[in-house]
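Note sheet for the following structure.
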Amino acid sequence: MFLGKVIGSVVATKKDETMRGSKLLMVRPMLADVANLGQLKTGANTIVCVDTLGAGEGEMVMFVQGSSARQADGLRAMPVDAAIVGSVDSVHLLGNKAYDSKKS
Amino acid sequence: MFLGKVIGSVVATKKDETMRGSKLLMVRPMLADVANLGQLKTGANTIVCVDTLGAGEGEMVMFVQGSSARQADGLRAMPVDAAIVGSVDSVHLLGNKAYDSKKS
Amino acid sequence: MFLGKVIGSVVATKKDETMRGSKLLMVRPMLADVANLGQLKTGANTIVCVDTLGAGEGEMVMFVQGSSARQADGLRAMPVDAAIVGSVDSVHLLGNKAYDSKKS
Amino acid sequence: MFLGKVIGSVVATKKDETMRGSKLLMVRPMLADVANLGQLKTGANTIVCVDTLGAGEGEMVMFVQGSSARQADGLRAMPVDAAIVGSVDSVHLLGNKAYDSKKS
Amino acid sequence: MFLGKVIGSVVATKKDETMRGSKLLMVRPMLADVANLGQLKTGANTIVCVDTLGAGEGEMVMFVQGSSARQADGLRAMPVDAAIVGSVDSVHLLGNKAYDSKKS
């Protein structure tokens, strides 16, 4: 899985029948900063993830990719390869609290 | 999944028997622009996707990769790893409407 | 799937028993050129694909990766993650014929 | 699989039900150094892996990605795409002992 | 699959139970050189592959990744995503013999 930040959403009325009602969020990966390993920095990609947890814009989440995304709650029969599977409370890197949802 | 723009098509008469009749589209990924996060920019790759929705050149779509592509409508038995599964109406990034199919 | 050009072959006598008799081709991906979108350019990678169609050196093909490669004709039980599944007649990009097998 | 070093952890109380109780570690890949092939160097990515072995911060581990992560002990039904499956004792590169857990 | 050269090995006594006895080799991908297409050059990555063929350091091999690695002989129930499935005799690129095991 990767950490990611929800930066937006996608509306697609015409889509695979099995995906009807799915909420689609734009997620940007968050990585440990090589230059400053106790911190997080934004990655370059943007992934469309199915949201199974009710995440909101700006929220730090954990997402899964590939066939494992279909193991997330309610997604088994869908043609989806990315899903949000956790809402992150905190991230600890090298003894530093790199993220705390209560302070963000 | 990723957002993508349909930029062309592929004709391949001689192909795996199970793919007979499949429409093959060239798709370029679309990503959030790091320098201007409320906008989309084109990615560097080009992927051949099976079209299950009747998408046309210039259309903004959502595509799925890997084994999950075989979950798309009618593709289960095919050797395909990329499929268009949604036609995008709009994309919202950081409070900005980064794409609107009615205006493009 | 990706477009690719066959640039060579691999001989490996000692291999997984299930692969006995498989033809192994070296394939270089072909992508739309960002600087000249109506054209194709060569990618940087080289992939060893199982050939199920009798492709030859210099031929433009379509290949599939991952578990979907095992859906190609006759490959179901093999430890293979890349297979040629189509021979390309033509590629159309932004209204331009970027490739035509009759002219190459 | 890849080699990796455990650099931290993630707390996510709200997550997919099947993941309840899973320990989530931040792992940075370790690669052979091209400029100095007998040594290891850190990669640029950071992956959230489920820990099945009780690994600790600073430990050199081996992790698996994709659907194979669900083959790790106890993870079969979870939406996870990365898992720690080995604790590394030593790495040998070109006749050099590039890593030794007893000396690190 | 990709071509690769065996550059070392990994010892991991504590690992997933199903992997007991597996031989783990460090493999560096080998690619066609864009600047000199009849030759091979080393890639930047290093992958830990399960060896099913008895490969040795310096040997040119073919390896498979992802779920297909579990199709290799004896690996079906293991959490592995990379396996050596062939020992390479020769590689032919654009009419040139880019590798010959008898001469290396």
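Think of it as A, B, C, D and E in the order they're written, each chain with its own count starting at 1.
In this section, a contact is a pair of C-beta atoms (placed from the backbone, for glycine too) under 8 Å apart; a residue touches a chain by one contact, two chains touch by 3 or more.
Note that the structure is predicted; figures quoted are calculated from it, not measured.
Engineer: In terms of touching chains, how many steps apart are chain A and chain E, taking the shortest path?
Structural biologist: 2
Engineer: Would you kindly count the fewest steps from chain A to chain D, each step being a jump to a chain that touches the current one?
Structural biologist: 1
Engineer: Check the residue numbers that chain B and chain C use where they touch, and answer same if over half are used by both copies, otherwise different.
Structural biologist: different
Engineer: When the centre of a chain is set as the mean of its C-alpha atoms, what distance in Å lies between chain A and chain B?
Structural biologist: Each chain's C-alpha centroid was found; their separation is 20 Å.
Engineer: Per the centroid of Cα atoms for each chain, what is the distance between chain B and chain E, given in Å?
Structural biologist: 33
Engineer: Give me the residues of chain C that touch two or more other chains.
Structural biologist: Those would be 66-67, 69-70.
Engineer: So if I start at chain B and go to chain C next, what's the full loop of chains?
Structural biologist: B, C, E, D, A
Engineer: Going by the contact rule at the top, pick out the chain E residues touching chain C in the complex.
Structural biologist: For this pair, the touching residues of chain E are 1-3, 31-32, 34, 37, 52-53, 62, 64-73, 83, 85-95, 98.
Engineer: Can you list the chain B residues touching chain C in their complex?
Structural biologist: Chain B reaches chain C through residues 7-19, 24, 26, 28, 42, 44-49, 57, 66-67, 69-70, 77-82.
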